[in-house]
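In the two assemblies presented below, chain A is common to both, partnered first by chain B and then by chain C.
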Partner chain A sequence: MNILVVLAVVAAFGLLRFGRVSLLVWAGAWWVGIYVLLRFGFTAPIPASVVSLYMGIVSIAILAYVSSSQERRDEISRPLVRFMTDKRYTAFLAATVVAIPALAAANVYVQMNVPLQPPLFSRTVHPASPSEITVHDKKIDLDAGENPFRHLEASSPTEFRTHVENGRKVYYRNCVFCHGDNLAGNGMFVHGLDPIPTNFTDKGTLPMLRETFLFWRIAKGGPGLPEEGGPWDTAMPAWEKFLKEEEMWEAILFLYDSTGQRPRAKEEAAK
Partner chain B sequence: MVVSRKLLFLLGPVAGIVMFIAVVWMATVFVGRNEYKDPYRAPAATADSTPRAEGVAAEKDEAEKKAQEKPYAEAEYRRFPVVGSRVAIWAVAQLHLLFAAFVLAVPIFAFIIEAIGYKTGDPRYDRLAHEFSRLLSVSFSLTATFGAFLTFMLIILYPKFTNYLMSVFSPTFLPYVLLFFAEAFFLYTYYYGWGKFHPLVHLGLGLGLNVVGTGIMMIANSWLTFMMSPSGVSSKGALISLTDAIYNYTWMPINVHRFIANIAFGGSIAAAYAAVKFLQAETDEERAHYDWMGYIGNFVAISAFLPLPFAGYWLAKEIYAYSQTLGLTMMGGAFSWLFIIQAVLIGNLFLAANYYLWLGMGRVEGAQPFQRFVKYLLAAIVLCFMIWATPRSIIATVSEVRAMGGSAHPVLGFLGVMSAKNTAVNILILTTFMSFLLYRRTGKVASVTWAKTGHALQLSIFAAAAFVVIFLGVYGYFVEASVRIGLSVPQVGAVLLAMVSITAIDIFLFRKPRNTGAVRWGRIPAISQYVLIFIAVTFTWLMGLMGYVRSGLRQHWHVYGIIRDNSPDAFTPTLGFATEVVSVTVLAFFLLIGFVFWIASLHDRPDFERGQSL
Partner chain C sequence: MTSRVMRAAAISSGCLAFLIALLCAVLTGSARAAGPNMGTEAQRESGKKLYLTYCSQCHGDAGDGEGYAASRLYPRPRNFTTGKFKVRTTPNGALPTHEDLVNIIKRGMPYTSMPAWPSLSDGQLSDLAYFITTFSPDFSDPEKAPKTVSLPGAPKSTKESIEQGKKLYAETGCDGCHGTLGRGDGPSAPTLVDDWGHPIRPADLTQRWTFRGGSSREDIFRTLSTGLNGTPMPSFLDALKDEERWAMTDFIDSLSESHDPGYTDLVVARHVLDPIDLTKGTAYFESARVARFPIIGQITEPVREFHPPTTSVTVQAIYDTESIALLVRWHDMSAQKTGKNGPSLPVPPEEEEGAPAPAAAGGAQAVTDPFAEEQPAPAAQASEFSDAVSIQVPSQVPTGARKPYFIFGDAQNSVDLWFFDLARPDPVQFTGRGSGNIAPNDTGDLTGVASYDQGEWSVIFKRPLRATSGAPFSPGQFMPIAFSVWDGLSRERGNRRGLTVWYSLYVEPETVPSAVGPMVKTALLILAIELAVIGWVRWRYGSRTRGEFGGKPTQPAATRA
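Then we have the complex of A and B:
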């Protein structure tokens, strides 16, 4: 959170509270306040698409609030009606009438006046995997399969450690350039890539995925993605061309081990 | 004056249809202009025989001979003109389903209302139930017509696959037909027997109608759930066990989800009907009646709406259990965007339901004290709505992704997952329930001696439930996925327990309330009626959308993983296209349902007399 922005918004609300302003001002203030918070209040900025989704919800809610009782409807419409009918405000009214299209035009200008960017692309980050893939002429069942080394974790911890160590070697020989020294997706190639390499330390990524899913992504890479995952957009190589099957499984062990996360367990059948 | 208004009302749809036909005609003309047309030639018979004419004749003979020798080959697919088979079958199935849902929903609705009327002795309920069952016969025949239409379309367009389904499910067809007879029997005796039997006998008929209707739905559900999650057949599709084929993974969850959704659907359509009548009403008396009717319809709809998310999550869980891939396609893959649309729709439904209740407080004198809670309820709804609509895969430009430090946002990433969404839905449900309770309290004060303790108890149950839900939601981040999914059960349990116990206390609390203000039915702003219409349309649209999700999930399979779809339509259409098809079918449904309502209203019309003007 950007503490300064949050404090500024809170302070503005405090002022309004003491100023005893009308419902109309409050409604406007809430809208603007929430917008400012969403837009500038976070250290990692929220993408515009999500901000507009949220603001849509907020707009509907504010409209619902101001019209939810007779008193509120009166209170909100009184200043508006006065503004439109009272002679005193004629100049303002005229200014508003001019300002609305002018604002729209200004908005168009601002929107067009940004540096060129590739278009928004609704890439699905985790598309469904196929239920079975073939790697080095071997069929691997992604639905029912398991990491062949995972069971060693309980039965033979030392052997498990050697596999994790092998995985570490695989990682630092191959993956580090993109996925980074600390697995945070900030390797030295990152600046040239879009989409950027996955940040494995993110709590919402590895624990949500099963090891077989990762195996599929590593073995088949970007080219193996289905349509909605935007194949060919990502630089993730298809590692089956360079690594042995065991090496890929070991790299997966290392990813979880190094980030201290656990893979998603298989959902058991209900019947 | 009155007649001309009604005429105007009729004129709208008629003008719409005329314009539609005109547009289609114009389009045909314009397209036709660019088509190649044969230049005029003298008819062959009048021309002299030339080598060319002989050649043409020989060619014709040849073709005829070939045609004679052609062996009979079974067609796998046939194409529907212009829109293609998929869209054709989609629209017809959707319309059939909407009508079927309506025909199942009206009797449930009528039965509930009639039972309330019997219990309370208030004749208004009985009249309302009767008014609604009048819609049954027309919509019953429309449903059957669309059903036959759908069957023919299946046989024509997808003959091979239809044949397969028939061979697997052949033993279920006879019971289906017999149930249909029973349905017709109950339906007509229920409707025509209104007021002719002892109320309990009549209620019994209504119950029979509902039981039979549910049975029909369950049989049909077995066919379509089998397509999504087949079991009881070999990997090549040969039938092994019919029981397993019927009782497949998603059968029960869909039965339950649909049954509940149908009640909500029926209630919302009833409320929308009342809303239209309210807006057309010319006397205060009419307004009062239709306001009340809209309220009751909406009450039934929202009561059924509240448990729907639970049924939905159960369904989702069974889909995951059946196939991880199918589950991921649904929630994480190509279809995940539909769930964002779903979340927006459902969030709007929750908001609208609450808003209607708040507006309704205006009916009651002295409801102002309760109005001040509205902002807190609204804040809870907005927060939950926002969490629920947070996408898991965010649409962002490259620079935005860079700024966020990855394709997952550090904060939003937490909100996009199941734990947060489950929690949000549960709180939404609790909030809506709270609005109901507040609405119930307008205009009366509990007069029992333990009123204070009662209120305190209710409040603490409420707070406890909210705490449990939020605590488990947060806890979910610290445990494995398989445990996390299990957490939704105690969450749901807490909410259900709270709702049941608070309602029970409420009933005793308001046994003999002291009235402080009268309910003035009809004194409600017109916006509220548009809200009711909005709820009905949104609900119908939601049904269409989710039906598409269920069916589209199979992607290039007729029967998932077993029978492949080799037709040219076996691709997943874009979101925009899918929503367009859904919108068009919903529009068609509302035109048709308007027609059903109009036919039913003929009953109240004075007979035509000679010399009367139009």
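Then we have the complex of A and C:
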């Protein structure tokens, strides 16, 4: 939530409350207030179509409320009628009558001139992995499996470091062009890639994934993704074509080591 | 007083080296600006740690440019032991200043694998720069302490200065390397090598975003003034006066159409009235918007290309009642019009490693005097592989999100390849079902022409909108489209090529609907509703106030509308 916006809306409501404004103003205020909250109140923006859906519901609710008793109907219609009949407001009324169609026409113009956009398709970034894959004629269990070098971290730290260093070599000879020098997904070819390569320094990526999941993604790459993952666009190579199985596990060690992150444990990743 | 506190602190931390360095710093104080500036022991130590984490994989533990990633990078990572640095504010051949090093590490070098390091703090950058000075003995030589050249501020760029720069450009001999139009295609371009013996291409001056040292006018002026050490690109500090170098800068500045490449993801095919006639060439495409797509190395399928010389293509499209035509252009240092090429030519895996093919034979000597009156153009050699280009479209219009795999399709979803081996007169068609499964599919539908002029390939493909095989192009529809470029000189063929991912082609309907009609309609409709409501309200409630209106029914809105 965007606290500032929420506070501003609440403050405006407070002011109106003290000002003892009419029901018409209240109805308008609720409409505008909720719109502002939907549009600007959330840090992650809500899609325009969803906003208009909510606003439709809000409009109906407000209409239902103001027309629910004769008293309210009168309270709403009185100022409106006065606006439309009272001589004092004639100029105002004329301006409003012209302004509304003009705004609507402008809206039509804007909608017809939206810049041409190629069709966009959403894709699932982390689709569920299969439970078993075959890499270099060897079956690898992704559900129960583990990185074969992970246990060395505790039992034989020096040996573990060797594997991390090997992983580093694999990374800088193969992955750096896309995933970048500091693993932030900004290699020298990113300007020509869509979707863009994963940023491994992002706190919400590596720690959320199991090492076997990464192994699947690395071994099978873009072509190995299921339908919802969009295998036709991502340039992520199927590394089984280039690397030995150990090299892929070592690259994974390096990814975690270099970014100072921990893989997700097996229990946490209950499917 | 302070020095005693500092001394005490240093001793208590038991770091003698640190103490000595500090004392040196205090004692030499002002004198240092003139002498070597290599930082303190502590700074270099901290720099070393950072270097071994972030830089050594490319530049090597010993700073010799032979890190384990190096064999796949081009230009090669810099060998720091030679003390040669491209981007400096110091005279040709001189060492860079500390600030020069900090700046270039921070900014990186565009279109090379030398990344920008915005994530490192100023202190870390400074430590790294100090550490790098330890690789070359030159930095500790007081005789060689760098002095900056004077780089006066920029005068305003004017029509006259650009004209003057243009004249100087030819007079000074830039065109010998950079080509008449600045496309990097001068006669000696294919023969150039850098000081480490690797072939090097003159910059494409019409694509300033690729400049290694940055693309602002100040950057260009600095490059012209100080040259790029270790490369054939000379310094013009002595040959040209300040104003002349600024004029030249303005000229180069004017060569790129924009500051940024302006990469897009969409090319729009515009309808033309006259039937498309290939003999009319590129002039026909003038009405069509230019789309620039980035080209990257094909590094997804074996055998990979890590450093394609082509960095982008521009594409324009038109269509008439019968056919669609696409014009694809890109800059190429030299045209390879002999030899062969093909989308599925095999490449031995060894070719992945190492720098691109050596410069044309006898090149190194040919450029010892770049300002020689007559540049003997290197004899046109028969190349083994020709230049080539292809357009890729799905064989069937995709119905949903599912497209064929972007590298030559896949088993379920094939692609049509419009392939033009530029050693041949005509393009041919292939059907791609993956890199390993490409078959000729020549229906004779595809025609085309290609020409090479002043460093630029212009290739036109033409195909019926509805061909005997392949997806139809229909107005108002988007079609996925992708491109590949092969540079024969770099021995690119088959999978070793530059490519794009999927982008879109939009066939713009012949008449774009005007917004005026719907706008007027909407406005009138709303106005009518308003007037009806107001009229009703006045009729219904107006009786109470009718006296006020006094029989003159004001209808301001109606009169205005």
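Note that the second predicted complex is superposed on the first by the 153 of 271 C-alpha atoms of A that agree within 3 Å, B and C clash if a C-alpha of one lies under 4 Å from a C-alpha of the other, contacts with A are read in each partner's own complex, and residues count from 1 in each chain.
Keep this in mind: a contact is a pair of C-beta atoms (placed from the backbone, for glycine too) under 8 Å apart; a residue touches a chain by one contact, two chains touch by 3 or more.
Predicted model only: the values in this text are computed from it and were never measured.
Visitor: Touching A:Asn113, do we find chain B (first), chain C (second), both, or neither?
Guide: The second partner, chain C, only.
Visitor: Regarding the shared-chain residue A:Gly180, is it in contact with chain B (first), chain C (second), both, or neither?
Guide: So A:Gly180 only meets chain C here.
Visitor: Just chain B (first), just chain C (second), both, or neither: which does A:Thr85 touch?
Guide: second
Visitor: Applying the document's definition of touch, where does A:Asp194 land relative to chain B and chain C: first, second, both, or neither?
Guide: both
Visitor: Which of the two partners, first being chain B and second being chain C, lies in contact with A:Val25: first, second, both, or neither?
Guide: neither
Visitor: Does the superposition put A:Leu7 against chain B (first), chain C (second), both, or neither?
Guide: In the superposition, A:Leu7 contacts neither chain B nor chain C.
Visitor: Go through the superposed model and pick first if A:Leu15 touches only chain B, second if only chain C, both, or neither.
Guide: After superposition on chain A, A:Leu15 lies in contact with neither partner.
Visitor: So, A:Ala102: does it touch chain B (first), chain C (second), both, or neither?
Guide: In the superposed model, A:Ala102 contacts chain C only, not chain B.
Visitor: Considering each complex separately, which residues of chain A are in contact with chain B in the first and with chain C in the second?
Guide: Shared contact residues on chain A (touching chain B in one complex, chain C in the other): 117-118, 121, 123, 194, 227.
Visitor: For chain B, which residues are in contact with chain A within the complex?
Guide: 249, 317-318, 320-329, 332-334, 336-337, 344, 347-348, 351, 355, 358-359, 361-362, 368, 371, 374-375, 378, 381-382, 385-386, 389-414, 416-417, 477, 480-482, 485, 525, 527, 561
Visitor: Considering the complex alone, what residue numbers of chain A touch chain B?
Guide: Touching chain B from chain A are residues 42, 44-50, 53-54, 57-58, 60-61, 64-65, 67-71, 73, 117-118, 120-131, 142-143, 185, 194-196, 198-199, 202-205, 207-208, 210, 226-228, 262, 264-271.
Visitor: Can you name the residues of chain C that touch chain A in the complex?
Guide: By the definition above, chain C touches chain A via 54, 57-58, 67-69, 72, 111-113, 115, 117, 119, 263, 265-266, 268, 293-297, 299-302, 306, 400-406, 410, 413, 478, 500-504, 506, 513, 515, 518-520, 522-524, 526-527, 530-531, 533-534, 537-538, 541-542, 544-545, 548-549, 554, 556-557, 560-561.
Visitor: So in the complex, which bits of chain A are touching chain C?
Guide: 80-81, 84-87, 90-91, 93-94, 97-98, 100-102, 104-109, 112-113, 116-119, 121, 123, 168-169, 172-173, 176-178, 180-182, 184, 186-189, 191-194, 221-223, 227, 230-233, 235-237, 241-242
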